[in-house]
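Okay, so subunit A shows up in both of these, paired with subunit B first and subunit C after.
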Partner chain A sequence: MSTVVPAVAPPVVEEERPSRAARAPAPRFNRAAIGFLAPAAIFVGVFIIYPVIATVIRSLFNRTGETFVGFDNYVKVFTDSRTLHAIQNNIIWLLVFPVAVTGFGVLFAVLLERVPYRLVVRTILFTPMAVSLLASGVIWRIMYQQTPETGAMNAVIASVANAITHPGHYQGARPSQPDLTQPVGDGYQLAQTVSPGDVVHMGFIGFPVSEIPAGAQDAKDPSGEAGRIVGVVWRDFIPGGGGQVGQVEPGKKGLPDMTVQLVDGKGSVAAQTQSDTAGDFSFASGGGPYHVVLPAQNFHPPFGGVQWLGSSLVTPAIILAAIWVWVGFATVTIGAGLATMSRDLLEAARVDGATEWQVFRRVTIPLLSPLLIVVFITLVINVLKIFDLVYTIAPGSVIPDANVIALQLYLVAFTGLGDFGIGSAIAVFLFLLVIPIMAANIRRFQGEG
Partner chain B sequence: MATGALQIAGARRPGWRKALDGVPLHAFFIVAGVLWALPAIGLLLTSLRPVDLFTVSGWWTAISHPQQLSITNYVHLFDSSLIATSFLNSVLIAVPATIIPVICATLAAYAFTWLRFPGRTALLLVLIALMVVPLQMALIPVAQIYGFISPPGIVRVFLFHAAFALPYATFLFRNFFIGIPHELLESARMDGATDARIFRRIILPLAYPAIASFAVFQFLWVWNDLLVGLVFAGSTPPVTVAILQQMRNFGSSVDVISAASFLSLIPPLILFFAFQRYFVQGLLAGSVKG
Partner chain C sequence: MNSSRLGPVLSVAVLVSLLAACGGSSTTSSKPLAGKKVEVAAVWSKDEQKNFEAVLKGFSDKTGATATFTSTGDQIGTVLGSRIASNSPPDVAVLPQPGLLKDLATKGSLKELDSDTASLVSQNYAAVWKDLGTVNGKFYGVFFKAANKSTVWYNVSAFKQAGVQPPTSMADLAQVFATLSASGVKPVSVGGADGWTLTDWFENAYLNIAGRDNYVKLTNHTIKWTDQTVKDTLKALSQVLQDKYVYGGLSGALQTDFPTSVANIAGNPPKAAIVYEGDFVEGTLKDTSHLTPGTDFNFFPFPGATGPSNSVMGGGDVAVRLTDNAAGVELIKYLASPEAAQIWAAKGGFASANKKVDPSVYPDPVAKASAQALANAQNFVFDMSDQAPAAFGGTKGSGEWADLQTWLKNPTNIDAATTQLEKDAAAAYGS
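After this line comes the complex of A and B, so read on.
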């Protein structure tokens, strides 16, 4: 069925042919037209045409509507920092969203041409278009939860980040004795050098017992062994009190899984090991002297999560959600355009030896461009009025940072004191932005008529 | 033997392209499919877990710990009458907001297509211009009109939606009607049928596909609307507004929010899968509307 054409006006129907008119003269003015048009005309008149005029007039009056203030409301709109921030965010939306969605749409549509299961993928991509933006907002609010334990986006990033940086067990731990120093980064190094036969003691305090892996045993003071460097890392603190600082005593836990390195005089790592369940470690390395180093990775905090819904990232985060919603629209529309495109032209280009990229760049894109413009304009209209996603995803406290024009209009006119004057001015501003699109639609219709 | 050489080239090409289209392409679409499906699954699983777990662990932990899942949240949803009645409100709003423009716009489209009256082309241009007027442009004056005549909240919302569907609906139906053969009407007129009769007996039955496209799109548009409901619904909020009112305390109300959100997805998804073809057509035509 091709009777429904997206946003493209077909030619005006031709007037009746003279011969037929002569046989059964149609009245110049069919009175039935009044009856057919009246219901729609009343609705459109009361709910669209009168309000458009009334809003323009209302924008010239103050909050209560009693005093004529000229263009004061417009001056306020463009000097108020909240509204300016909303306009600024809308510009970011305009620059990113239509291009990104159209781009993804082309990518998906062109690649889907090559796979047999394109309908399944198209349907999955398109589904967000069928559900409310509020529900999509709830979905992404859940996805953007801040801690990696609860927010899926951060969980994915955390699994990558933690695989690269290896978070340690002992965040916030600090040495109990002054001979452990912090030369570089977050790691620790023993002040004195050691050689085979020496025994190393490294006590730590200042971290919760919950950070010690389960199965840790009480630390024991190791005895020296000839030809080996041995040592112990332990929690230099007895829960409930008692004990002496710097001493390995019963009730103090060893620290398992601590990475311990021997670093030679040239600064390179000569040996590395992990402490066992009682915090003991042992090196068989000969030579020396060495520095004993506990590298920073033991003390790294794990990735804490990107603050998606904080003031600085909230707009990009909502734009990302909007792209997720709208890519299906672009993919389906562009896919429909590709389906009607002449295969012969593409094949001819391929037979002539064009690469796939050349076919795409020189044949597919030029043929698609009228459709791409329609998709792009549709996205622009929608992005100017974006409201639901922003209001739903942004937590109350960051709404000023995520604000957009349509949301600011609602907030100004329909919450708090309710300023219909400024609200009307914002509406008129929004209206002015779509007038070029309106003019283009009319021109296109006339051109075809 | 030029043809032979061509055939060999032609035979080799698909093999080479098959290699290109192989694993990376399928991997790409698997990743895309997961990225687009998973967030919705996240909503479903969240709605099936106890609210206390929301700030402790992610919804995906329910996959390995299915004992977390229960329908308790959905049962509780109907304890509070607010959310339960909001679903009814959404139906009471969406049905008239779909039927009214179907009636008014098919009538108007009939006039624009088949009847002669002064200023027909000019009015059609006005209609096209009105299609992209942002509905924000009408909120304040209509709120003032409603202030004078104070109709019930549900009526306020569906009248507004009905009106803003009209330019696009009329245009859509007119585009459909001009494809109907002129002779069909002429012969009926010869037989003395009135325009009212022709409209009811000939045009409406033929217009079924266009009406279906519009109706599916409009019902979903209204069902999914937040802004108009927020401004006009008052004490009879549609489900979107009722959910939004809970979102101030997202963490502690996520049980209600997620369960109500998931329930609110079901009517659109049923319509979408049952009338997919009509829905896509209606959406493509209506996506520019104000």
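After this line comes the complex of A and C, so read on.
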């Protein structure tokens, strides 16, 4: 290039190149050179150049490969909503993944400079690279399971969440007579207000008998007492069936330890009690009328798990797994760069009074930048062809949401319709995306040479 | 050395016993095919191959013919195609797909079965099985092995807790779901992360609601997926597959794979009371839990539209003849007999549509009941999605699988679902 660059190194290279080129043509052809080149040339021709050309040609034919369809396949690729969604996901990957991995790589590499046993830590960080991507995918899929019993991610969150909000006794319980007992917030209240002398009946269903604390007795129909509000909460379902909804009958257990509140007209709690082993409760409060409220704490469900692999979180979840796999690569590569870096410059900066952050920002990063770009470009190429993790982590039902270009290529060409025309068109598109990055990379290598 | 002295002794003993065996067979003149050979090809391998070889041994013992088994692997169509092309087909093949029977028959590769076998099948099987083995009026195939995919599995103690009986109609099923829910157990677990479980739900409901004729039409895509019968079926399903009835909710069901959905009814207490899938669920439950068929878990036939269903959806392996070898003729006749089926039935993992099979040979009462439902069904249809082009009925993340998964997110959005199904079906069947 003829642009004048103020830096020192590139112009030297620029000037050397033409001189080499001028010397080269002298031996017009050299049998030995051709002989040595031939194996590599044949290999490249058979395994790279021919397939590329064949794919481009194939992309212009229909599914069966019999009819020439021009650019129809490309039109289909860019009008199909599933492929467009895959491209959109690839853009998200492209924006997040290389930056995140390079960033973590720099962070870990710099921090590792300062810890003992850095070889051990570095090896541990690098281990995921040694695990097959398929196996990594399976592991992450299990870790992302929604039920905290199987999914490690949710188990961690559950242990915190359940410590903060205690699950209630009667999870999932709902009134057996929804017209008499109605929801209020996440709890329930009797639809009608009550006054002293009234008897309250609140039956519940929809929870297993195993949620009732041991020692619970069959519920009894309480009789009214003058000056008191009495009532019963009970499981309105006889194990094995039978009985009548809304009736306190033999075989129906009372619900002990239910928190019951009397709430006055202004909405403040006038009295609170716990039901006894037969589900009975009793208030001595005068006045009224009151609402009888069973607050949410009785029914609070345990943490049910984040749906990591649902349609909204699946792509971030898989990106996180990919970062886990690749961060070791970035750390080790950048760490190697740091190790060869001259300490003198860092020391000089420190002597000049630079803070550690300034040293990092103004000296370390600029010196590392050629290496960072190599790492970054490697990651960009890898993210464009990401396939394995998406295919193994995403459940079948969210594949359309997690889709990426390479996976869409596979789905279109090798499963379902088996449309190699559209598959080839996607492959060509992917190839075109990679070419500029490859070109930049090759140019860099030449520049360094 | 002892062994060198023992060697000749042993070989003499073997020789003597062999001679004795030969002598035995030659004296009983009731073995008309002695010395004849017959080759059978099927997809079976491992345990299934071993069990089928036991059946073939039964044939050899009876007739004196030597039957050899060739396992073709999954690609039986390709293997048979190349052997037919090279003029050396196996004498008998057992085909796992009804489509293959039709293909080979239309190409003229199959031999029509003799009248003895035909009348044996008429006596031993429900009429539907003879129809299924007939192409263009000619009878080609005997269904030796069958699978029942109209079995709804439930946890017995969950049903006892709730005091419910197995339902027989869709309305009953909705009522049972409501009662199970009141009793504190999620009524049903659905393995919606795997698309094929949803196609099987749909196919059973459709067979019962729209009837066999419509089922066949929809299978061949001669009626559209936007047909009212499809909408009615999805509507009926939306009344049972409600968010409040499904373990984990509908979004949770889409994250649940098939093995997990089966495990969900195996706990104590179970997470869900019911899971629907084919008769192979019994094996899955026996392998993964310590539950006893019959007492801990059981099945009921998929409910009919308004009353008990007489229809079964499933799969079957059909024995056909590709050569004129007399031993092959006899072998197919043998496979149509109850004694052949009983050999494998006793070993488990097998159901026969043959009504004459002694039910007591099945290893447990559940396998027996499932096989009897199969043999006594008046209607039998094959799994619809298995017969559709793979792009529509068999691909993860696209076609019918993906469309029913999208539908399950919001089951009342029926018109959008049928429109998308029809669009994908048209693309797959058209090409």
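To be clear about the criterion, the second predicted complex is superposed on the first by the 285 of 449 C-alpha atoms of A that agree within 3 Å, B and C clash if a C-alpha of one lies under 4 Å from a C-alpha of the other, contacts with A are read in each partner's own complex, and residues count from 1 in each chain.
By definition in this document, a contact is a pair of C-beta atoms (placed from the backbone, for glycine too) under 8 Å apart; a residue touches a chain by one contact, two chains touch by 3 or more.
Just so it is clear, the model here is predicted, and its values are computed rather than measured.
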item	value
Comparing the two partners subunit B and subunit C, which touches a greater set of residues in subunit A	B
First (subunit B), second (subunit C), both or neither touched by A:310	second
Partner chain in contact with A:85 - subunit B first, subunit C second, else both or neither	neither
Partner chain in contact with A:237 - subunit B first, subunit C second, else both or neither	second
First (subunit B), second (subunit C), both or neither touched by A:111	first
First (subunit B), second (subunit C), both or neither touched by A:63	second
A:395 touches, of subunit B and subunit C: first, second, both or neither?	both
Partner chain in contact with A:413 - subunit B first, subunit C second, else both or neither	first
Intersection of subunit A interface sets (partners subunit B, subunit C)	145, 395-396
Residue ranges of subunit C in contact with subunit A within the complex	160-164, 179, 181-185, 192-195, 248, 251-252, 254-255, 257, 269, 389-391, 395-399, 401-402, 405, 427-428, 431
Contact set on subunit A toward subunit B in their complex	1, 3-7, 9-10, 12-13, 20, 24, 26-30, 32-37, 39-41, 43-44, 46-52, 54-55, 58, 108, 111-112, 114-115, 117, 120-121, 123-135, 138-143, 145, 149-152, 155, 324, 327-329, 332-333, 336, 350, 356, 377-378, 381-382, 384-385, 387-388, 391-392, 395-396, 406, 409-410, 413-414, 420, 423-424, 426-428, 430-431, 434, 437-438, 441-442, 445-446, 449
Subunit A residues within the subunit C interface of the complex	63, 82, 145-147, 172, 176, 205-211, 237-242, 307, 309-310, 395-400, 403, 411, 415-418
Of all residues in subunit B, those that touch subunit A in their complex	13, 20-21, 25-26, 28-29, 32-33, 35-40, 42-43, 46, 54-60, 100, 103-105, 107-108, 110-111, 113, 115-118, 121, 123-125, 128-145, 159-160, 162-164, 166-167, 170-172, 175-176, 178-179, 186, 189-190, 194-196, 199, 209-210, 213, 220, 223-227, 230-231, 240, 243-244, 247-248, 250, 254, 257-258, 261-262, 264-265, 268-269, 271-272, 276-277, 279-285, 287-288, 290
